[in-house]
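So, here come the structures, one by one.
Shared between the two complexes below is chain A, which pairs with chain B and chain C, respectively.
And then the complex of A and B:
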C-alpha cells in the first residue's frame, strides 16, 4: 500500500538529495563533469574528495561560512520574532467585532498576495539613495536623506523591514484562525472569575494558540532562513556581501563563473543539516515543555 | 554527431571529403542558397532600443535564404549566459547562435560549448576585422566567435554644466578630472563626476592610467592588488572624498549614475555607446542633443585608455544545424548588417571597412566613439575573464564606505582570483 508514496518520495526527494550529497563529496565543477555537446564529447574528470569541501567551508577557507551563519541567524530570529509579534497583535485587533472587518482583513493580506519579486523590486526602488520615495519624503519634511542600502548596518535593517512586511500577513491569518478556534466560554469564565486582560492573554489565548503557533513559527523560521528573493533582489547581497545569507551565498557559488557543483552542494547540505537540527531541537523542546507557553 | 553529418550531406557531398568529424571543417564552395534548416538565435541586445533592428535583420535573412528559418528570441543580457550554460549542460534548449559578451567567449569555449569557426562559412574576410575585438574570439589558437560590435568607456560630459562652471574643455588627465569635478561642484548645483565604483569594468580606466591591469597574462601574475591597482583605487576614493565626485549609491550604482547624468545632476561620467540612446532620452539632453560631449577617458601618469567591451556571435557546438548557423552568423557579421546596426543604433562596427561608409561615419555615436575605441586596451581573455569583475562588487563598496583600506579590498580580490585561477598563476 505504501509503495506509491515510497516511489514518489524516492524520485522527487530521495534522488536529488542523494545526488546532491554525492556531489558534495567530489570536486565536480562545470569544467570537469561529463558533457556531450554535439561535436564535443567530454568525459567526466572529477574526483571523489571525501569531506574536503566540508572542511574547506567549515574552516573558513572558502565561502565565509561562519560570518554568513551569524548574520543568517540574526536575520532569522529578528524577522520571526517580528512576524509573530506583529502578526499576533494584528490578529487580536482584527478578531474583535469592528466595522469593515472583512475589508481590513483583505487589505492586510495584500503584501502576501503580491509576488515576492515584485515587492522586492518596489522596495528596492523605495530605498534608492537619490531617487527613492522614502528619501524624497524625508527631504520634504526637512530631514536628511538616508543612504538605505550603502551602509551594512542600515542595509541589514532595510532588508529586515522588507521581509517583516512580507511575512506578517501569513502569521496574522494563521493566528486569526487559531484565535477563532478558542471557545468564547473560556474568556467568559475567566472574566467572571475576575481575570485581567493580561491574565486572559497569557492563560487562555497563548495556550489556545499553541497548536497553530508551533508549526507556523517552525515554518516561518525555515522560510526566513532560506529567504532568497528579498536579499537577492533588494540588495543583491550588498553593500559588498554584508547582507548575503547562507542560501544566497550558495547560489552565488553554484551559478557564478565556472560553476562549482561540489562546493555549492556541500554548502547546501550544511544548510539542510542546520535546519534539520533546529527543527528537531524545537520539536523536542515543545514536546518536553508540555505547556510551553 | 551523426545527425550533423547527415544534414550537411544533403547540402553537398564535398563534406565527406573534408570530413565533418573534425568539427569546424565545412564546405566553402556550396551555394548558400542550398543550405536549409531551422535554427534559433538568442539576441541579448536591449529589448526596447536595439532589439527591433536585430529582429529586422533576422527577417531579412529569412527572406534572403528561404530554405533556412531563424527563430529570433530576445533574452535579457543578465540571464543569458546562465540560461545558455544550463541549457547546454542539459543538452536541451540551447540556441544555435547567440550574441555573447566578449568576456564570455574564452570561458564558453574552454568548457566545450562553442563550435570552432576557423575555415567555416561563418568567418569570412577576417582580415577586415579590427584586431582588438577579434582578439576576444580566440582561445588556444582557434577562433570561437565572430565580432559583432565593439565598445569602450569614454568620458561623457554635459557641455552646459562644464560651461556654467567655467571649464573650457573636457579634462584630459585624471588630475584635470579632479579639478573640473571640484569646480563644477562649487560653481553649479550639480555634482562634478559620478563613479560606478562597485563595477570593476568602470575602474579599468584608472588602472590603465597608472599603467596597470587586473592580470598579467604573459607572466601569469595577479596584478589587481599591485601598486598600480592600489593607486587606481586610491584615485577613485580621492575623487569621492574630495567632493570632485558624488558619493555613489552602492546598490543600483549604474542605474543611479545614469539617472543623475540624464537629469543633469552630474556633469561627467564614464560610459559606453550602449548607454547613449538612454541618456539622450533624459531631460538634460532630449531638447538639445549637442549638449552631450564624448571624449576619451582621462590619462594618468603612466597611460590612458578604456577597457574593450562588445559582443560577438557564437555558434553552439551542439547545434544540429551547423551549416545554417554558420551562414546566419556570416550574414549577421557581414559589412551590410554591421553598417545597418551602426547607422541605426550607433553601435560600433568591428570591420574597418564599415567605418568608411558615409551612413556610418555620419552617426553621431559612432563618430564620437571612434577615437575612444581606437585607444581601447584589449581585455584579459582567459576562461576566467567573465568572473574578474564580480569580486569588485563585494570588496570595493567596503573600501568606499571606509570599512577597509584599498589595499585590504584589493588583496581580498586577489585572493578570490587565486582561488579561481589555475595553479600556475601567482
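And then the complex of A and C:
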C-alpha cells in the first residue's frame, strides 16, 4: 500500500531533484534547453560544466550569495524569535480564564486563515508611500510620512513586520495546545513549594512545552528561510534587490531576464544543503539534551 | 467599499458613502470569476489526489514494517525543507517536456509535491492513534488489507482526513511562486497570480484589490474557523511522534 507514495515521490520529487542537481552542473539557460518553436523541436544544446555554477556563486562572482545569505539568516532569526516570543506570550495570556477567551483566540488566529498572498497585497497597500493607511495615520498626528518600502533598511524592517504578523498565530495555537497538555498539578505543587512565577515558567512551562516547541521551531525556521510570497509580493525584492532572500533570488534567476536555469538550480541545491545541515545540527542538539522527538 | 479613486486622497476616514461598486467592478469587468474558478479547479484537484495518496501512505507507514520505511519517513520530512527554488526549475523543464506548462493539470501535479509528503506525515500520526486491534478484528472477519483500510480505518480517520484536506486545499489556494512561473496566459491564472494584475506597475486598483481580497479570504476563513481546533492537534500529533 505504500506503492502509490513511493511512485509519486519518485516521479514528482526524486526525478526533478536529480534533474535539478544535474542542471546545476550545466550551463543551461533559456536559450539552450530543449524546446518547441512551432513545429520544430530544438534539441538541448547546453554543456556539462562541472562545479562552475557553484564556484561562481560561492566566490561571489554571480548572485551576491554571501550578503544575501547574511540577510536571509538575519531575517530568519529575527522572525522566528519574534514568532516564538510573541506566540508564547499570547498563548500564556489566552490560556488564563478571561472573559471572551474564545473570541480572542479566533481573532488571533485570523491572520493565519487569510491566504498569504491576500495579506501581502493588503500590507503593500498599508505601506504605500503616498496613499497608505500607516502614513496617513502618521500625518494625522503630525509626523512625517515614512517611505516604508523605498529605503533598504526600512524595507527590511517592514517585511519582517509582515512576516511576524503572518507567523505568530500558528506558533500561538501550537503553544496553546502544548500549554494545555502540561498537567495542572505541577503548577500547584510548585506553588506549594513557594516557586515564583518566573521559576514556574522556566522549570515547568518551558520544559513542558518542549515536545511542541522542538518541531514547530524547526518547521518555522524552514518556512521562514524559504518564505516566498511576503518578499515577492510586498517589496518584489526591492528597493534594488536589498530585501531579496536566497529563495526569491533563485526564483528571479530562473524566471526573469536571461533565464539562468543552471545557476538557479545550483542556488537551490545550496539552499537545501544549508537547511539540511541546520536541521541535522538542531536535531543533534536536542538528542544531546536527552530527549528526541 | 470606497469609490475607486478614494485611496488617492490619503485621509483616514472609515466610510466614504460606502457602496458596492468595487465588488460589482471586480465581479463583472475583471477576470476575477475566471481566476476564481481556476483556483477552485487547481486546489480541488490537488486536494482530491493528495488526500487519497496520503491516506494510503499514512496507513502503510502506520501499520506495516517494510524495508525502506525509515528512509521513506525521512524523505517525507525532508521534502518539507525543499525551497521552491530547488524544484521549480527541474519541474518547469519536466512539465515543458510533457507540454503541461500553462496547464492546470501541470500545476496540480506540482502542488502534489508539496501537499503529499506533509499530508502523509500527518495522517500517519493520526492513524497511529487508532488501535491496531481494530485492524485485527477486521482481518478476522475476512476483510482484505484494502478492505480494512477502506471500511474501517478511513472512516475512523475522518477528522484527520478533514484537516489534511484543508491543508492541501489552502496550500494550493495560496501558492504564488509556481503559479507565477507556470501559468503564462491570463485566462489560466489562479487568484494568487491574477490579483497581482490589479497592482500594476503604473496604476494600482487598490479598491478592486481590497474587494477581491475580501471575496477570497471570506470562504477560506469560515472553513478555517471550523477546523482550526483539529488543525493544531493534528499538526502536533504528526510532529511529535517521529
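FYI, the second predicted complex is superposed on the first by the 279 of 293 C-alpha atoms of A that agree within 3 Å, B and C clash if a C-alpha of one lies under 4 Å from a C-alpha of the other, contacts with A are read in each partner's own complex, and residues count from 1 in each chain.
What we mean here is this: a contact is a pair of C-beta atoms (placed from the backbone, for glycine too) under 8 Å apart; a residue touches a chain by one contact, two chains touch by 3 or more.
This one's a predicted model, so the numbers in the text were calculated from it and none came from an experiment.
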Exercise. Of the partners chain B and chain C, which touch A:60 in the superposed model: first, second, both, neither?
Worked result: neither
Exercise. Looking at the overlay, what does A:31 touch: chain B (first), chain C (second), both, or neither?
Worked result: first
For this session: Would you sort A:239 into first (chain B), second (chain C), both or neither based on which partner it touches?
Result: first
Exercise. Looking at the overlay, does A:50 come into contact with chain B only (first), chain C only (second), both, or neither?
Worked result: neither
For this session: State whether A:115 touches chain B only (first), chain C only (second), both chains, or neither.
Result: second
Exercise. Counting only touches as set out at the top, which of chain B and chain C does A:124 meet: first, second, both, neither?
Worked result: both
For this session: Identify the partner contact of A:255: answer first if only chain B is touched, second if only chain C is, both if each is, neither if none is.
Result: both
Problem set entry | chain B versus chain C, judged by how many residues of chain A each one touches | C
Problem set entry | chain B and chain C footprints on chain A, overlapping residues | 33, 35, 124, 128, 130-131, 255
Problem set entry | Residues of chain C touching chain A in the complex | 7-12, 52-54, 56-57, 59-61, 64, 66, 68-69, 72, 75-76, 78-94, 96-97, 109, 112-113, 116-117, 120, 145-146, 149, 170, 173-174, 176-177, 180-181, 191-192, 195-196, 199, 204, 206, 209-210, 213, 216-217, 220-221, 224-225, 228, 231-233, 235-236, 239-240, 242
Exercise. Residues of chain B touching chain A in their complex?
Worked result: 1, 4, 23, 82, 85, 88-89, 91, 107, 110-113, 115, 198, 247, 249-252, 256, 259-260, 265, 316-320, 322, 383-384, 386-387, 390, 393-395, 397-398, 401, 403, 419-420
Problem set entry | Footprint of chain C on chain A - complex, ascending | 1-2, 4-6, 8-9, 12-13, 15-17, 19-20, 23, 33-35, 106, 109-110, 112-118, 121-122, 124-125, 128, 130-133, 135-137, 139-140, 173-174, 176-178, 211-212, 215-216, 219, 222, 225-226, 228-229, 232-233, 246-247, 250-251, 254-255, 261, 264-265, 267-269, 271-272, 275-276, 279, 292-293
Seminar exercise, completed: In the complex, chain A touches chain B at residues 30-31, 33, 35-42, 62, 124, 127-131, 147, 149-152, 155, 235-241, 255-259
